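Below: a set of structures, written as structure tokens.
One chain, subunit A, links the two complexes that follow: it is found with subunit B in the first and with subunit C in the second.
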Partner chain A sequence: MWRYIGRKLFVYLLTFVIAVTINWMIPRFMPGDPVRSMLSRASVGNPEALQRMNDYYTGVFGFDTPLHEQYLAFWGGLLRGDLGVSVMLYPQPVLDIILRSVPYTLALLLPAIILSWIVGNRIGAFAARKKLLDNTVLPVGYVLTAMPYMWLALLLAWSLGIVAGVLPTSGGYSPTLRPEFSWLFISSLITHWILPFLSMFIVALGGWAIGMRNMIIYELEADYSNYLQALGAPSRLIRRYAFRNAMLPQITGLAVQLGTVLSGALLTEIVFNYPGLGTLILQALNNRDFFVLQGTFLFVVVGVLIANFIIDIVYVLVDPRTRVQMTGGAA
Partner chain B sequence: MTLRVNDLKVYYQTLRGDVHALDGVTFDLADGEIMGLAGESGCGKTTLGKSLIRLDTRMRHVGGTIELDGKDVPIADDKAMVPLRYHEISLIPQYAMSALNPTRKIGRMINELLRARGVRPVDIADELRRRLELVGLDPDVLNRFPIELSGGMKQRVVMVMSTLLNPSLLIADEVTSALDVSTQRAVAESLVEFRDREYVKSMVFVTHDISLVYQMADTIMVMYAGHIVEKASASTIVNAPRHPYTQMLISALPEVGTTTDQGRLEGIPGTPPGLLNPPTGCRFKDRCPLAFSKCSERPPLVEIEPGHWAACWKTG
Partner chain C sequence: MSEIAGAPGTADAADAPEPTAERKTSEVLHFAVRNPKLLIGLGIVLTLLLTGIIGPFFIDHDPNEYVGPQSQPPNGEYWLGTTSFGQDIWAQFVYGLRSTFLIGAFGGGVAFVIGTTVGFVAGYKGGIIDEILNMLTNVVLVLPALVVLIVATAYLDVRGIFVQGVFIGLTSWPWAARAVRSQALSLSTRDYVDLARLSGRRTWRIITTEIAPNMSSYLVMSFILLFGGSILIAAGLDFIGLGPSNGVSLGLMLESAMKWSSLYLGMWWWFIPPGLGITTIVGSLYILNVGLDEVFNPKLREL
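Then we have the complex of A and B:
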């Protein structure tokens, strides 16, 4: 068991290093000069002053050193928890900016992923029972899962937000409020959360339901199901076994889907102008803010890696077959 | 009589029409009898085995009756069959290797099944351990997952599990097909032992391995294309078969001590008829060297000598 976890940890560490390296490379090889674009907004007319400011900022951000030194300095800073200083919100540290956004993204992602997975699995398992249910759940599921995140987000924003006018369509909380621990603020948080959450939840739901329905039907045809039926076991017992066994591929599916779900979350955030990482990425891109972009990607990478690692562990716990392979079961 | 099957007809429903897999099957099975059910692939032997316990969704009961210990077995009524299953009629499936839920410990799966069938697992726990030891398994297998057992071990677990409630009739469907020869023998011997200890009253042993069934079975019933061809004691079927099909089937088997010098083994020329539109009359007539005009009528299964039944105009 520990050897398995050790091996997995090593693989994840390797992935992390590669991801960080790529992450560091991408913004640096993007066209455009961030310092120049920042200065152009300041609209300094005097070329000499412009040159001096350019030199100053280049020094501040460390762009004057050779690339490999920048790379090493980046790792050094990373290990100290220093992700640099933002260009667009100078002189705020990148870490602070990101930590402000992370709770919003997590509050959106975690419930959307987990709830859609649980509810989708339930619906799928239920659909596998009856022909009538199956004939409704399946097409609806296909339609939902084929929907692009931002399209459903727009549709929801338009119908519930603008036409019905029941829910706010933009921001993380009402612009008239300041973050504080009060009932008013929290209720504003919740109403702003519902629409982005719903759009992610609904899209993910369909895929899980279809997957579960197919798996359950497959499991109900499996040999052990037939055997139990021949021995007169009630369908409740057989379905319970089938559900549990059908769950295993769904857990793997969750691990595979995490990346997609995440990008869906980023798009959804942008549509709803929700102050999470997605919106932050968009702003950073528009302002050519390397450091924020880099830091956000880093958080995304770390998040996906952690989630995958957790799923690896969960899989071992629920499937005796992987467990046995690791502990070397007796023949 | 334990089991009495009378003119049983079970068809498979397909898009192209009914496949007449069991077309009027009549036989009796006595208390304590182990009957080997032999025949080529597709002759209906597995269908017959299934028909005695549970029809799958494609199978349709067309006619005939089954009686077990004097009571009617309502095979067409899936719900009414439930009380009989496991308690009275049990099954060791063809796929015993994969018959156990892979994500449940074996002991827990057995307990859950017992509880679902209205038996308290504690009442039977000691008996379960005794029987596992009888087939040569450590009762510790109950704490293991199926993946931790070898194929032969799983087979024996399923054997014990299926017979735990002392059913009146046990259907063993090709239970030895996937095992190596030494394990086959052990499994066959355990099944005889189960009968001798009265864990099961009588047994239908579906197989295509006539040499194995000859060693363990009391009687052998040979099927061909959905019909019963011949039924007699094991030694009669092997040593003095009367039906031409049985004769050719037995002569196609190698004998210990013979060599190829004494002539090549002959197969039976031709293939069995399709059962979608089966031929009328005797279904073996196209491959039968003795066939004559009368064979276009279906020969009845008649008792040609005590305990020896055959369906052929030439044996009558």
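Then we have the complex of A and C:
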């Protein structure tokens, strides 16, 4: 088991180093002058202030030092938790801006991932090998996974938000309120959360249902299922065994799908103008605020790596075979 | 984007089909024309492809040109209505279909070439090369593709469909590499591959003549999934505003519909067609893939 976790940790560490290196390389090796193109959209009227910002960012990039020193300085800043200073909200540190958006993204992402996984697996397991149900679940599932996240978000916003007028379609809470710990504010948070959550949940649902259905069919063909059936076991029992076995690939699938669901969350946030990382990325792009953009990138990568690691540990806990290796059993 | 959805071979990883003569081709065809999923999926994809290829020839103005009255709902003259600038949405849709298929073929193609190469080499060679390639695959797999693409393309001042395709291909190959690797691994221990190796043939020829043909159906299905995946990623990039500059695509249509608040103006004809187009193309591709899986894999046939 420790070997398994150690290998995984090594890959994640490597990924982190590569992500940081990509982050460092992109502004330096892409065509054009990053400082000038970044400040071209900054709304600074005063030329003196612009000059100061220009000096500051040139200093941050450290263009006058050799490349390897730039690289080391970049890592140094990173390890101190310094992601630079935002252009659009100068002089706020990037880290503060990101940390303000993260709770909103997490509030959308975590429930959407976990609930869609659980519900999708149930639906898929239930539909497998049942002619009529299967013939509806399968096409619906494929259409759902084929949907761009932002399109379903637009459809829901339009139908439930605009036409039916039951739910708000923009922002994280009502613009007339201030963040505080009161019933009014919390209920506003919740009503603004429902639509983005729902659209993510629905799109993610299809993939899990299909995956589970395919796995169950495969498991029901396995020898142990046939044997149980020959013994006369009730089909409920056989399905329960099949379900437990089919869970394992679905847990791995959770890790693989993380990136997709995450991009879905970013796109959904943009549709609903939800104050999370997606909207932040859009603002950063519109203002050419590369520091915020790159800070968000690193933050997202670290988040995905941590989530992957958690999934790995869950996998070890769920699958006894990975634990056997710890006690010296056959690999 | 959909590594799980209908990924081929969760069920048939162990037993790749054995090589046989022409009789097999006719057998495949026999099942193909009797498979409704395959026929329906293929029919829809081909119809949309034809619309994207032929349609633009019947439109005599630029899709982004301001041609008509503003904010018109669908009518006889403008089949899908007009935007709030007076652009013809049908024209944009038809051109958008064309570029959607292009980006799918291109991004999917690049990802397919990288993925299968890495998968074959890793699965066939094994040992230290396998370890290294596997690690590389895992690294790229963990990185969230869309976010990497956002950061990478944000610095480009001019973006074309070509560059977008290459970038998408570079980030979306890992799961295909994994799938191909596991298949190649099981095939490379077969007797006929050993025989080919003994006869002193080059590695590359063994891969292309002995291993690849025996998993051709698998490769076709992987390509279809990569194709659909790159369409979805491209749509996401376009929607954020990192699409091809001055281009037309279904994702860019969604972006401008969002940017000019069609939602609040009630202009449903602006944002429904592009999303519906993407969903239909990718959804039919997936269903087509299930059909193919049933045709190639005798275990799944229900006849």
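As a convention for this text, the second predicted complex is superposed on the first by the 277 of 331 C-alpha atoms of A that agree within 3 Å, B and C clash if a C-alpha of one lies under 4 Å from a C-alpha of the other, contacts with A are read in each partner's own complex, and residues count from 1 in each chain.
Here is the rule we use: a contact is a pair of C-beta atoms (placed from the backbone, for glycine too) under 8 Å apart; a residue touches a chain by one contact, two chains touch by 3 or more.
In this text, all values refer to a predicted model and were calculated from it rather than measured experimentally.
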Combined model on subunit A where subunit B meets subunit C, clash or fit: fit
Touching partner for A:Tyr241 - first (subunit B), second (subunit C), both, neither: first
In the superposition, subunit B vs subunit C on subunit A residues touched: C
Partner chain in contact with A:Val20 - subunit B first, subunit C second, else both or neither: neither
Touching partner for A:Ile202 - first (subunit B), second (subunit C), both, neither: neither
First, second, both or neither for A:Asn226, with subunit B first and subunit C second: first
First, second, both or neither for A:Asn286, with subunit B first and subunit C second: second
Smallest distance from any CA atom of subunit C to any CA atom of subunit B, in Å, after fitting: 6
Shared contact residues on subunit A - subunit B and subunit C: none
Residue ranges of subunit A touching subunit C (in the complex, touch as defined): 11-12, 14-15, 18-19, 22-23, 26-27, 30-32, 34, 37, 138-139, 141-143, 145-152, 154-155, 157-158, 162, 169, 206-208, 210-211, 214-215, 217-218, 221, 249, 253, 256-260, 262-263, 266-267, 270-271, 281-282, 285-286, 288, 290, 293-294, 296-297, 300-301, 304-305, 308
Residues of subunit C defined as touching subunit A within the complex: 1-7, 10-11, 135, 138-139, 141-148, 150-152, 154-157, 175, 228, 232-233, 235-236, 239-242, 251, 254, 257-258, 263-264, 266, 268, 271-272, 274-276, 278-283, 285-287, 290, 299
Touching residues (chain side subunit A, partner subunit B) in the complex: 222-224, 226-234, 236-237, 241, 244-245, 248, 318-321, 324, 329-331
Residue numbers on subunit B that touch subunit A, as the complex places them: 53-54, 56, 81-87, 90-91, 93, 95, 98-105, 112-113, 116-117, 144-145, 147-148, 150, 158, 162
